[in-house]
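Worksheet: the structure to be examined is printed underneath.
Labels run A, B, C and D following the written order; every chain starts at residue 1.
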Amino acid sequence: MRYFETVMKVRDYECDAQGIVNNANYLHYFEATRHDFMEECGIYFRDMTEQNIFPVVRNANLSYKNSLRGSERFVSRLSVERQGLKYFFRQEILRLPEKILCVRGVIEVVCIIGGRASRCEIFDEAFRDYIVAKD
Amino acid sequence: MRYFETVMKVRDYECDAQGIVNNANYLHYFEATRHDFMEECGIYFRDMTEQNIFPVVRNANLSYKNSLRGSERFVSRLSVERQGLKYFFRQEILRLPEKILCVRGVIEVVCIIGGRASRCEIFDEAFRDYIVAKD
Amino acid sequence: MRYFETVMKVRDYECDAQGIVNNANYLHYFEATRHDFMEECGIYFRDMTEQNIFPVVRNANLSYKNSLRGSERFVSRLSVERQGLKYFFRQEILRLPEKILCVRGVIEVVCIIGGRASRCEIFDEAFRDYIVAKD
Amino acid sequence: MRYFETVMKVRDYECDAQGIVNNANYLHYFEATRHDFMEECGIYFRDMTEQNIFPVVRNANLSYKNSLRGSERFVSRLSVERQGLKYFFRQEILRLPEKILCVRGVIEVVCIIGGRASRCEIFDEAFRDYIVAKD
């Protein structure tokens, strides 16, 4: 299995009054990482939407292990697996410099084309070096 | 001059590590209030976008006087004035129960129709009970 | 089992370029609902933090069924169950007026007191009319 | 006058249903840039808060010239001037690759120490290579 990784940094407004990143913002980090991954693979989320291909999140499961605080840097890592029409992105946030696991999540995505979940050849072709398929 | 008012409440995630509402979120409160005002006047922001009429913010000037903290309730008040193609929304956030002024702002909006700033009859008609025009 | 319900409304800035509420914002709606529920029960999230009692989310599992769009109103409903030190908030977002299920989630919360997950008497007392305990 | 610059990229969730970055998010970009600038100068916003020095925004004036769309890259540039107790951050967002001006803003910041606006030696020392003082 091959991973995609990118380094990101907490913006202070993403922290809440507890002084730690608010739990919802990890879904934002995850989305930004998936879209960066897509670009690395040569496709733009924005272009897909304009072609009426809508990747949508069907399920998100997040486990929070440790907190991130203002200005901290972290690795955001993902791998992707396909099962039928579903793409499962396994994502992790690792605080730098020690790479301490902060959040782990599985995001299930399907592509809506013409109003229904459909096989997405653009994804299959673009992700071919990364994807693990279990049909 | 006639005011539109609505009561809102701080959501805790809108506060940052200082324990107060992050300054950017007042623009969110202002936008939500303008859109509620539009609905009160019978128009939906979403519908305008679908008709290719795009109200856009050209300028925003905010003065921060006092802070809001988690769970506090506040009045969000606006009045509107038109000068040529520009709509000036004068907006205030007043902390309850004492109605202490927290933020005051002036938001300049124009309507983009067919790619250029245009006179917006939908606004003029909808806001007729509120608007002050200075042509 | 007893439910807590509140009515909320989509703010347009919560939608993304697909024209639907971005998936991360449902965690915001869920958090705002839990905090409103706490207030209904007589406790303020902000006060707990100031007493060094930190309710934290350990796990969030969200299933997205239908989308919300700009300005739509919805019911946000929760019930709560305790298992040992863990509180499970079962939460749903139901689009009005038809009460169509949009998102269902289970949010696992523990209270960190003095640096470790602890039994939270404030919660147990406050939620006594709602909570289902499975020790 | 010396500028601080950093390159950032639009995250898709920062766009709203118009398909462009929501106007409030530019205040987020501006804040993130000021905090990166502070780090470049050797100080952390988070540390200041922990020392009970609270930099707060008193006024924000933003002019919106052109829009940013999903995934676009931009330069965020600032310069800083001090007038008495007030720090004026002049900030610009320039879309890449052409460096087209999207938003220009002036953010007035004061430091609250012991409950009142105070001269902030930490800022003066840290920003000494950048600051223009007009006493």
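Things to note:
We adopt the following convention: a contact is a pair of C-beta atoms (placed from the backbone, for glycine too) under 8 Å apart; a residue touches a chain by one contact, two chains touch by 3 or more.
Computed from a prediction, not measured in an experiment: that's the story for all the values here.
Counted by C-beta pairs in contact, the busier of B-C and B-D is B-D. Farthest from subunit B in terms of Cα centroid separation is A. In whole angstrom, the spacing between the mean C-alpha positions of subunit A and subunit B is 34.
The mean-CA centres of subunit B and subunit D are about 23 angstrom from one another, to the nearest whole unit.
In terms of their C-alpha centroids, the spacing between subunit B and subunit C amounts to 28 Å. Within subunit B, the positions touching two or more other chains are listed as 12-13, 17, 19, 22, 24, 28, 31, 46, 70. Residues 12-13, 15-17, 19, 22, 24, 70 of subunit C are the ones that touch subunit D when the two sit in their complex.
Contact residues on subunit D toward subunit A in their complex (touch as defined above): 11-13, 19, 28, 31-32, 35, 39, 44-46, 69-71. Interface residues of subunit D facing subunit B in the complex, by the touch rule stated above, are 17-18, 22-25, 27-28, 31, 46, 49, 54, 56-64, 67.
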